[in-house]
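Paired with subunit B in one complex and with subunit C in the other, subunit A is shared by the two complexes that follow.
Presenting the complex of A and B:
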């Protein structure tokens, strides 16, 4: 009974992964009928010496840390506020999910227009406030700030909805008991709310980390990786390797490294968050 | 082959007409899958869909692919064994990638269908530099992009400004011939109200400075200063004084451009041009071909009336040790090639023949919604335009700048080479890297790594092939 399902899983689940492994050890020349050339670990070695690859990993790390921290922080504040709303909460939640449902390419173009140095509303607002306008997409650190802003806008409501789900699982009797015991809002938050929300933070954080590491459309349409190569995130570089540079072997090697790095980050994150949970 | 105008007209109505049409080779009820860039590029094909169906029995299924991903789609088709397209449209910068594996050589079809006169009618620069690879014809141009210098006559030809300029600089105010003169004129027209708007004007505006286009401006300057894409032994031919000089001069020009110019899109730079306060403009042919048309996309900015103020000239160059070199940016352009996987190459060739046939070609050329610029010798004759009215002076200059057109780099790996260069040029021009030599060195290191990975000997062989075409096209680029 289990054999067909296992075969399907092997074919669909591991087939592409095995092909990526094969591709990561070969080069694919453009000449007609040229067979793939065996490179062994060559593609991985090239990546380790590729400054653009290393830079892209660094920038991705910075964007991920900043964006996920803000998404979780602001998402939590938003969830607390929503938790106090009783009438029309469903409508509000539906509206809040719109940014995360928008196609990333559309979000990227929209934010590019908002941050346009000449015609963008962001600079118009700055000028009204008497602040000099900024060339958001071609100067650092503004380009990075623009990317993080767009990502926070897009995903914070989604995080808030996950955390709101967590807030609704806290038994009112527990909160009431704490209050009777003299716990103020801060102590309630620290000793009741946050421990209850820990698994929800875990899920939201993990989803956001994966999303941020795989980023392509929003940052690409905002900055094209510029100024220079300052905002070439790893997702952008992976795409470029495969399709702009036609380096399928290198791209496959990078994709496999992605899997390894993401698995390591996820394990570490789960250990950190779930480990604390055991001590509650 | 250089034809006089009279010969060209005779050519257009005589020998070329003989080569056109399906004749005996008409295919019966065939459908071809054609990948095309979207928007204003579609008329290149859509003008002929009914004609091809009626006269050749060839139906076109046009599959649109945005400019940035068309190469990717062609590569995917190649990598997965074909079948997705019979004909693909790409930028010629990818000829090196696609002509070595994806595009089918066309020479046997040219002979079989007696189409040689049609190919001889392609302007030499496009035919030799963008249609051929490894001694074979592999594609046909369908959009002839090349940039020129547009200057405002009401600025440069104003007697009062000429006197003011001479008083200040001790030389006559003329259309700049060198980049030093260009900078001087650009500076002169920056910061005071010389134009019809009453606003302080600017000296200079280029097409776009977006990261993925930024080399278009620098590369012809670099070549004019004595650089080249590569040396004979495949070292970067621009990581030298020529490259640094071009980069430094280019950045200096930013001081005379409208604010925020490095982050402007194509449309926004066009708006700047029609705002009538920029004296010198480096832009592509669309501006001159369509600018006078009240129905084109330029018209929303008041094109026709404002275009009358423009004069036309080749790009400036550098005079070094008594030798003057100038090059005009031949970046972009579009070519159509037949997939080697196509099972209907004869039918596909009928499509290529049709777009090259002067009387069919003019439909896309003389169309205010079409982005296809001149590439046939017969395209430069003012008489072929019935709807548009590009000035004769513009057409003559457009033809002349191709004698010194600087083509895109086309070796296999062009996408990666250019990306490495674009990143560093952009970094310097946007102020994130302050040392031009350091920026170019970083790009050069990347180029060396790419060349090593792709095979230095293999790439050198390809580069020798490219430079042999430079020579045949009469390109006076430095041999390093």
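Presenting the complex of A and C:
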């Protein structure tokens, strides 16, 4: 009964991945029928000297660090708040998850409208507060801030739900014992809540890092990579390499780098999940 | 117990709800707002005028843009079939793995590793392979792709449900003379209904929302709603109302599914979080 699934994985997952490995070491001439030429590590060396590639990795790093830190921090605060509410929690959670359930391209559209310099409500609110308005999507660092805002909007409630799942695993007796021993709310948080939540933080963080490396739609619509090439994130640059520059070898080499990084992350994830099963 | 803390919690939740829902409010507002008001200064934050012109524009199309309905239909067909395929293959695979240890630990790891394969890593090889096997810009191509792309998630979610299923019932059925497949179809499958529901809703939503592959591996003959949306943006005219109306229409089918999903979601996530290996 696993045969059909296994066949599909081979054909559309692992097969193409092996092809990407092959492609990353070849150059693809522009003539349609010409055979790919062997380049060895040439594509990787080209990438390491490509300033646009390096810039895209840098921008992705900045966006990932900022977005994931905010998603985890705000998500934790939100999870603590949700944990205190019992009546209506289901409805609240389902409303909060709307941003994660919406298509990423629609998230891009929504924030493009919100950050519109002339017609958007963000500048309107700034104006009411007496702050001069900002050309959000076309100037730095505002374009980057706009992207991070959209990502925090999309994923923070999702992170909060994962952490909420962790909070419900803390036995009330442990919290009660800490209270009887004279621990205040701050110490309970520091010495009981956070240690219990550690694996859930790691899982949520890893899922978000993967999401950020994959990122495409939001910058595609919101800033279109601009101003200039300032918000060309790694995902967008890979597509530029492949489909604008027709550099299939270079794009495959870049894809393979992603796979290596994400495999490292995934193996960490698996070890965490397996470790959790052993302790529970 | 009404403490300072519970007021704090209420404030945090209210702020989170406002932040999460404001963009949705703005899309709805803009979709039904007359053109003149969208560009009024200062920007009006509250609803005022009402018009169906924007919806009419995307519904009927115009000289420069196509009507929205065929794109919704394409998305529905592709997401629907992918969901049926991924869920039924997923339930068979998860059952065999969970009940009979089919494939062993290595297979489980392989499936999980597919979850972490970033879609963008596959785009170049898939582009070349799709060209070679004439799957480019076809329904078959996208359906095949979405089915495989979401199958690991389906197996991963359903495995949690299979593991929770008490084996006694199927064993009883086998002792009473049911075949292996009889025990699966008549006993296990009905009990897995909640898991199947959660899985199908996730797969539908992800397929419905997918943009990258639909944009690069199709998009001319076979164009989904997510590919349609960016086409409305034009360098010449600022069609905020029209784009908002189209975005709103594109979100409704997914939201209808999400509404059904919420009852199972928290449960599904915790199952997936700890028990898949």
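Here is the rule we go by: the second predicted complex is superposed on the first by the 248 of 280 C-alpha atoms of A that agree within 3 Å, B and C clash if a C-alpha of one lies under 4 Å from a C-alpha of the other, contacts with A are read in each partner's own complex, and residues count from 1 in each chain.
Here is the rule we use: a residue touches a chain if its C-beta (ideal position, glycine included) is under 8 Å from a C-beta of that chain, and two chains touch if they have at least 3 such contacts.
All values reported here derive from a predicted model rather than from experimental measurement.
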Which of subunit B and subunit C A:230 touches, first, second, both or neither = first
Of the partners subunit B and subunit C, which touch A:114 in the superposed model: first, second, both, neither?
-> second
Quick one: classify A:34 as touching subunit B (first), subunit C (second), both or neither.
-> first
Which of the two partners, first being subunit B and second being subunit C, lies in contact with A:106: first, second, both, or neither?
-> second
For A:259, select first, second, both or neither according to whether it touches subunit B, subunit C, the two together, or no partner.
-> second
First (subunit B), second (subunit C), both or neither: which does A:161 touch?
-> second
Of the partners subunit B and subunit C, which touch A:46 in the superposed model: first, second, both, neither?
-> first
Touched partner set for A:180, first subunit B, second subunit C, both or neither = neither
Could you figure out whether subunit B or subunit C reaches more residues of subunit A?
-> C
Once the structures are superposed on A, label A:140 by its partner contacts, choosing first (subunit B), second (subunit C), both or neither.
-> first
On subunit A, what residues does subunit B touch that subunit C touches as well?
-> 116, 118-119, 243, 248
Please give the residue numbers of subunit A that touch subunit C in the complex, ascending.
-> 1-2, 4-6, 8-9, 11-17, 19-20, 23, 77-78, 80-82, 84-85, 90-99, 101-107, 109-111, 113-114, 116, 118-121, 123-125, 127, 153, 156-157, 160-162, 164-165, 185, 200, 203, 210, 213-214, 216-217, 220-221, 235, 238-239, 242-243, 248, 251-252, 255-256, 258-259, 262-263, 265-266, 269-270, 273-274, 276-277, 280
Given the complex, residues on subunit A that touch subunit B span 27-34, 46, 49-52, 116-119, 133, 135-140, 223-230, 232, 240, 243-248
Spell out the residues on subunit B that touch subunit A in their complex, using ranges where they run on.
-> 69, 71-72, 75-76, 78-79, 96-98, 100-102, 210-212, 259-260, 262-264, 268, 340, 412-413, 415-416, 419-420, 423-424, 426-428, 430-433, 442, 445-446, 449, 453
Subunit A-touching residues of subunit C, taken from the complex the two chains share = 5-6, 8-10, 12-13, 16-17, 19-24, 26-27, 30, 38-39, 41-43, 45, 89-90, 92-93, 95-97, 102-103, 107, 109-129, 144-145, 147-149, 151-152, 155, 205, 208-209, 211-212, 216, 226, 229-230, 233, 238, 240, 243-244, 247, 250-251, 254-255, 258-259, 261-263, 265-266, 269-270, 273-277
